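There are structures below to look over.
Look at the two complexes coming up: chain A is in both, with chain B in one and chain C in the other.
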Partner chain A sequence: MSTEAIRLDGVEKSFGAVRALAGVDLVVAVGECLGLVGHNGAGKSTLMHVLAGALLPDAGRLTVGGAEPKAQWSAAASQAAGIRCVFQELSLCPNLSVAENARITHASLRGFGWKGRARALICAKLDEIFPGHRIAPDDEIAHLPIGQRQMVEIARAFTVTSAPLRLVILDEPTSSLDAVAAGQLLSYIRKETARGTAIILISHILGEVLATSDRIVVMKDGKQVAARPAQAFDRSSLMAAMGSDLKEVEARGDRRQSPKADSAVVVRASPQREGGGGELVVREGEIVGLAGLAGHGQTRLLLQIFAGQADIDRPVAFVAGDRQNEGVFNLWSIAENVTVASLRSLIQRGFINVAAEAKLARAWRERIGIRTSDMGRNILTLSGGNQQKVLFARALASDARIILMDDPMRGVDIGTKLEVYAMIRAEAAAGRSFLWYTTELDELTHCDKVYVFWNGKISDSIEAADFSEQRVLRASFAESGT
Partner chain B sequence: MKGLLSRLLGQPWVGSFLAAGLVWLLAVVFAGGHGGGEILSSALAFATFTVIVGLGQMMVITTGPGNVDLSIPATMTLSGVIAMKLMDTESALILVGIAAAMGASFLVGVANYGLIRLLRIPPIIATLSSSFLVLSTAISIGRGLRIKPPAPLADFATARAFGVPFAAIAVAALAAIIGLTLKHTIYGRTVAAIGQNERAAWLAGLDVRRTRFATYVLSAMLAGLCGVLQSGFSGGSALNMGDDFLLASIAVVVIGGTSVAGGRGNVPGIWGAALFMYLLVTMLNIFGASPGVRLVMTGLIIIAVIAVAGSENPRRA
Partner chain C sequence: MTNPRLLRAALPFLTLAFVLTATFYVQPRTMSYFGLNLMLQYAVPIALATIAQMFIITVNDLDLSIGPFVGLVGVIAATVLNSNPVLGASALMACVLAYGVVGALIHVRNLPSIVVTLGLSFVWLGIAVMMLPSPGGKAPAVLKAIMTVQTPYVPFPILAAVAIGLVVHLALMTTSFGVVARGAGGNPKALDRAGWSMLGTKVVMYMLAGLFGLLAGLALLGLTTSADAHVADRYTLYSIAGVILGGGEFIGGRINPIGAVAGALTLALAGAFLIFLRISPDWQIGAQGAVLIIVLALRALAGSREKSS
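What follows is the complex of A and B.
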C-alpha cells in the first residue's frame, strides 16, 4: 500500500486566455491534513474541481494511491476512488430532506428501508462531528439556516457505505459555522486523519489552517509558491508567502476612536421573545457586533430591525451574507445590482437618470474595488468575493444611515476583507452606524460593543475595552448572566 | 455597423417580428401576391387588442414564478358590458361609461390582489376563481343583450389612416410608455427585482407589496380598456368577447421574449408576437386549414417557443 493518497504532477488547466493552473505538483500523504491557502482566484478551487473529476486537466498526471486511475477521470471515477468534496457553493438539493440528500451520494442505500438506513447514517455522522447540532434527519434542506446546511454537507462527505474514504476536500468549510461548530470540525479532522484519511483544508481563516494542518501549501497565480510543514509558518510568514502586505494586516490592530457615549441613539431594539430578550442600543457612528452560536437569534433581530419592529430613526439598509438567496439579482448587470437601493436619488422628471446611474455605479467600482472592466456585465461574471463587494456597495451607496450586516464575509479572501473593514471604519467615522452579525471571532475586534446571543436573547453585552474571546464563548453558552 | 446588427439580432424580441414577417410573406405568396397590405392592416387592428392585455399580463408574469392573471377575459367582458350599458348608444355618455368600466376593472384588480395577499391563494387559482365572480356580474348586468356602441366610439375604434388603425397608434404609444416604465422607473425596476428574487428585493429596501398590488391592478385596468375598445370595434359587447384572450395574452408574452420564470419583461416582443399570432391564423385560413388544425398549430408553436426560450442559458441575460 502506497503512503500517497493522491499525487499531481505538472497539472495545467486554462479557460480561454486565463491560465487557472500553471503546472501544479501536489502530494497528499495518507493520514495527512494539508492546508491550502491563497487569495480568491489563485487556482485553489480549480485544482479541487480537477481532483473531484468535475474538470479534466489540459496536461499533467494524476495518481491515486500510487497507481494511475484505471478508467477515464470523471466525477464518478473520483467518487469511486474515495475522493469527497465539500465545495464552497453548497451542493445539497434544497427540496429534499437531510436523509434523502445523504442517499444521493450513497447508491448502495437501496431496497426496503433505505430511508431508515440513510437517517441512521447521516445522524451518526452529524452526532460524531457536531455534537448538539439540533438537526433532524427529516428536516428539509431549504428550511435549514446556511450554517446547518454546511454541517449536513460536511457530515455527508465523511459518511461511508460501499466506496472507501481516501481523501476529503473541504473548501471553506467553516465560512458559515460559528466558533463552536468550527472548533468541533477542526478537532474531528485531527481524529479522521489519525484513522488514515487524507484531508485538504482550504480556508481564508489562517488561524485554523495553522492550527489544524500538518503541512501548508500556498498557491498564487495558478502555481504552488510555498510548501512547508505547518510549524514552519506563522501568521505573518504565511501572509507574506501569499503576497499580502503585512502593514495592512498590522493596521487592523489600531483601535479607532470610539464615538462619544453621548452621541444620538439611532436604534433601540429588543429580541422578540417570551420573558424579554434584553435590549440592544446603537448610537450614531457606532460599530456594534452581534455574536454567539449561529442561529441563536442574531439574524432574526437584524430582520426585525429591518422590518421596522424596533425604535429606529434613520433609514436602514441590509447586507446579506447568503448571497444567492438573499442578495444578488441574477439577471441584472453589476451596475443595476449596485444602484437598486439608491434609485430614489437617481430620479429626474419621474424617470431614472441613466447617466447618473452609470456614474454612481462607476464611482462605487473605484471606491470598493469591484474587479471588472465593465459594470454593464452580468453580476454572475464576478467571483463570490466581488459579488459580496457589490452588496456592500449597494448598501453604502444608498442613503441609509444604519447598515445591518448578516455575516457578510462568507468565502471572502483576506485582501478583500481588509478593504471592507477599512471602509466600514471610515463610514462609521463619518457617522454611519453598523450592526454586524459575524461568525468569526476575529471580526468582533472591529466593534465598539458586542452583544452575545444565546437561545434568542442577549446573554451579554461587552464594551470594546472589556472584550475577550473567552468572554464571548462563555456568554455563547449563557454561562455569564447579565 | 456590424456590431449594431448583431446586437439587434441578439435581442429576444427580434425573433417574433422575423416570424411575423415570414408568415406574412408565405400568406401573400400563397394568395398570389395580392392583398398583402390588407392582411397587414387587419393584423394591426386585431393585434392591438392582444397587445393591450399582453402588456398587463407581461407585468404580472415578470413579478415572478406563479404570477399570472387569468381573470383578463372576464374583466374585459365586465368592462365592455358596463361601458355599453351606461353609454346606451348616447355619445354624451361615452366618458361616463369609460370611467365606470375602468372603475370596475380597478376593483377587480384590487380583489385579485386581496385574494392573493390576504387569503394567501396562489395567483393562478385566485384570478381564475375571481373571474367566475366577475363574469357572473357581467351576465347579470348585461342580460346577454348586445348593446351597440355610440357612433363616435365605434368610429374611433375602427378608424384608419393609410391602412393603420388609430387604435394601433395609440396602443403603440401606450406600449412605449410601459416599456419606459419597466426599465426606467422605480416601479418597473421593482417588478423585475421581485421576479428574480422576492426576498432579495425586500432586503434591498424595495416595496414588494405595493408593487405587486399595482401590477395586478394595472393588468385588470388594461383588460378593462381592451374590453371597451373591443366593444367599440366589434359593434357592442358580448359575453364571450374575452374568450380568445386567455391563451393569447399569455402566448404573446412568452413568444415575445419575456422570461416565463419572471424578472425580465419585453415590450416590443409583445407587438411582434401579437402580429405573428394573427398572421399565423390568416395564413392557415388561406391555406384552407380547418379550425382544428389551426388550434393544433398554435399550440405546437407555443410549446416550441417555450422549449427554445427555456433552453437558453439564463446567465447570459
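What follows is the complex of A and C.
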C-alpha cells in the first residue's frame, strides 16, 4: 500500500481569464493532517472542489493511493476513492432528518432497514466526535441551529460504510462551532489521523492550524508558496508566508482608551428570559462585544434589539454572519446588494436615481475595498470574505447609527478581517455604535465593553481595562458571578 | 401549549374533519355509505392528480399541464384504446415517457418548469381536441367496473384514497430512494456533490408524475363514462392546491403524501359542501379560493409560532 493518500502534480484550473490554480503540486501522506492556509482567493476552494470531483482540472495529474483513478474523475469517483469534503457552505438537505442526510452520502445505505442503520451510523459518529451533542437522528436539519448543523456535516464526513475513508477535507470546520465543540473536533482529528486517515484542514484561525496540523502548506495566487512541518511555523512566519504585509499586532485590537462614559445611551436591552437576564447598555460611539459559547442567546438578543423590543433611539442595521441564508441576495448584483438598505435616500420623484445608486456603490467599493472590477456583476462572483464586505458596506452606507453584527467574520480571511476592524474603529470614532457578537476571542479585544452570555442571560460584563480571555471563558461556563 | 410543529402536521386532517363535519351538519343524509360514496367518488382522480403534482413539486418544479394531460388520457382511453387496444396502450405509455423527456429537457436546459408546462398544456389540449372535437367516446368496461365497485362497509373512494396515500408515503418518505428524491428538492447542489445524478432523479420524478396523471385520467373516465378534452382543466389548480393544503411547500422538497391526499379530499368535499349551501356555481370557485386562503393563513400562523417557540 502506498504511503500517499493523494497526490497532485501540476494541477491547473482557469475560469475564463482568472487562473485559480496555476500548477499545484501537493502530496498528502496517509495519516497526515495537512494544514492549508492562504488568503481568500488563493485557490484553496478551487483545489478542494477538484479533489471532491466537482471540478475537472484543465491540466495536471491526480493520483489516489499511488494509482491513477480508474474512471473519469467525478463527484462519484471521488466518493468511491474515499475522499470526503466538509464544504464551507453547508451541504446538508435542510428538509431531511439527520439520519436521512447520512443516507445521501452513502449509496450503500439502502434496502430493508436502511433507516435504522443510518441512525446508528450517524449517532455513533456524533457521540465519538462531539460527546454531549444533544442531536437526535430524526431531527430535521432546518430545525437545528447552525452550530449543530455543522456538527452533523462533520460527523457525516467521517462515517464509513462501503467505501474506505482515505481523505477528509475540512474547510473552515470550526467557523460556526463554539469553543468546546471546536476543541472536540481538533482532538478527534488527531485520533482519526492516528488510524491512518489523511486530513486537509483549511482554516483562517491560525492557532488552530498550527496546533493541529503535522505539516502546513501555504497557498497564494493559485500556487503553493511554502510547505513546512507545523513546528517550523509560528503565527508571524505563517502570516509572512501568506504574503500578508500586515503585522500581527494589528490583528489584536489596541486597548481602547476613551471609555465614553458620558456619551448618550443609544441602546438599553435585557435578554427576554424569565427571572431576568441582566441588562445591556450601549453608548454612542461604543463597540460592545457579545461573547460566550455559540447559541447561548447572543443572536437572539441582537434580533430582539433589531425587532425594536428594547430602548433604542437611533436607526439600526444588521450585519448577518450566515451569509447564504440571511445576508446576500443571490440573484442581485454586487451594487444592488450594497445599496438595498439605502434605497429610501436614493429616491427621486418616486423613482430610484440609478446614477446616484451606482455612485454610492462605487464609493463603497473604494472605501471598503471590494475586490471586483465591475459592481454590476452577480454577488456570487465574489469570494466569501468580499461578500461579507458587501454586507458591511450595506449597513454602513445606510443611515443606521447602531450596527448589530451577528458573528460576521465566519470564514473570512485575516486580511479582510484587519481591514474591517480598522473600519469599525473609524466608524465608532465618528459616533456610530456597534454591537458585535463574535465567537473569536481575539476580536473581543477591539471592544470597549464585553457582555458574556450563558444560557440565555448575561453572566458577566467586562470593561476593556479589565478584559482577559480567562475571565471571558470563566463567564462562558458561568463559573463567575453566580 | 400544543406543539406548533404537531399542529402544523395535523392541519390537513383537521381541515378535512372540519369540512366533513360541516357537510354532515348541513346535509345529514350524506352521513351514509351512499352519501359518502357519491360525494367522494371524484376525489379519487383528484387525489391521483394531486400526487402527480406532488412528485413535480418535490423537485422544486411546478406542472401547469396536469389538467389537460388528465383530459388527454381520458380521450385516448375512450377512443383509441377501445378500437385498437395495442395502439391505445402504446399511446398512453408514450404519454408517460413524454413526461420523462420533458423532465430531462427542463433539467438539462435549465428551463423554468412553469413556462414549459404551460406551453405543454396547450399541446395536450390540442391533441385531445383533435382526437375528440366534441364530448363522446366510451369508457372501457373495466374502468367503469373498477370505479363503481361496491366495497363492504367502507365506500370505495375512501379505501382508494387511503391506499394511494399510504403507498406513496411508503415510497417517498421511508425508502432510501425517497430520501434522494426529497433531497433533490432540499439541496440539489449537495446531492450533485454526493455523486447522485440530478438528471436521473428528475426524470424518474417526472415519469412518476406522468404515471399518476395517467391513473387520474383513467379513474376520471371510469366515473364520467364518456370523454371530453376539457373535463379536467380545473385539475391543474386542484392538484397544486391539494399539495399545498396537505402541508407541502413549493420549494425545498417539503412534501406530505398523506396530507396531499387529505387536501384532495378536502377540495372534493368543499365542492359538495358549497352545493349543499346552495351557493351558485358562479361563486363556487371563489368560495373554494376562500377556503384555501383561510387554511393557508392558519398554516402561516402555525409556522410563525413554530419559529418563535
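In the analysis below, the second predicted complex is superposed on the first by the 470 of 482 C-alpha atoms of A that agree within 3 Å, B and C clash if a C-alpha of one lies under 4 Å from a C-alpha of the other, contacts with A are read in each partner's own complex, and residues count from 1 in each chain.
As a convention for this text, a residue touches a chain if its C-beta (ideal position, glycine included) is under 8 Å from a C-beta of that chain, and two chains touch if they have at least 3 such contacts.
Here the structure is a predicted model, which is why all the values come from computation and not from measurement.
Trainee: Which term applies to chain B and chain C once both are placed on chain A by superposition, clash or fit?
Mentor: Superposition check on chain A flags a clash between chain B and chain C.
Trainee: Would you check which partner chain A:103 touches, where first means chain B only, second means chain C only, and both and neither mean what they say?
Mentor: second
Trainee: Applying the document's definition of touch, where does A:94 land relative to chain B and chain C: first, second, both, or neither?
Mentor: second
Trainee: Quick one: is A:55 in contact with chain B, with chain C, with both, or with neither? Answer first, second, both or neither.
Mentor: After superposition on chain A, A:55 lies in contact with neither partner.
Trainee: For A:317 in the superposed arrangement: first (chain B), second (chain C), both or neither?
Mentor: first
Trainee: Per the contact definition in the header, classify A:114: touching chain B only (first), chain C only (second), both, or neither.
Mentor: The answer is second: A:114 touches chain C but not chain B.
Trainee: Looking at the overlay, does A:242 come into contact with chain B only (first), chain C only (second), both, or neither?
Mentor: So A:242 meets neither chain B nor chain C here.
Trainee: After superposition on the shared chain, which partner residues are touched by A:11: those of chain B (first), chain C (second), both, or neither?
Mentor: neither
Trainee: For A:328, select first, second, both or neither according to whether it touches chain B, chain C, the two together, or no partner.
Mentor: First partner only, chain B.
Trainee: Once both complexes are aligned on A, which of 22-30, 112-120 or 148-156 in chain C overlaps with chain B?
Mentor: Stretch flagged for C-alpha clashes with chain B: 112-120.
Trainee: Identify the residues of chain A that lie in both the chain B contact region and the chain C contact region.
Mentor: Looking at chain A, the two contact sets are disjoint.
Trainee: Quick one: in the complex, what on chain A touches chain B?
Mentor: 306, 316-318, 320, 325-332, 336, 340-341, 343-344, 347, 350-352, 354, 378, 380, 394, 398, 400
Trainee: Sort out for me which residues of chain A touch chain C in the complex.
Mentor: Spelled out, the residues of chain A in touch with chain C are 52-54, 74-80, 85, 87, 91-96, 100-101, 103-105, 107, 109-111, 114-115, 143.
Trainee: So in the complex, which bits of chain C are touching chain A?
Mentor: 5, 174, 176-177, 179-180, 182-183, 185-187, 189-196, 252-254
Trainee: Note which residues of chain B are touching chain A in the complex, please.
Mentor: Those in contact with chain A are residues 180, 184-186, 189, 192-193, 196-197, 199-201, 203-206, 259, 263-264, 314-317.
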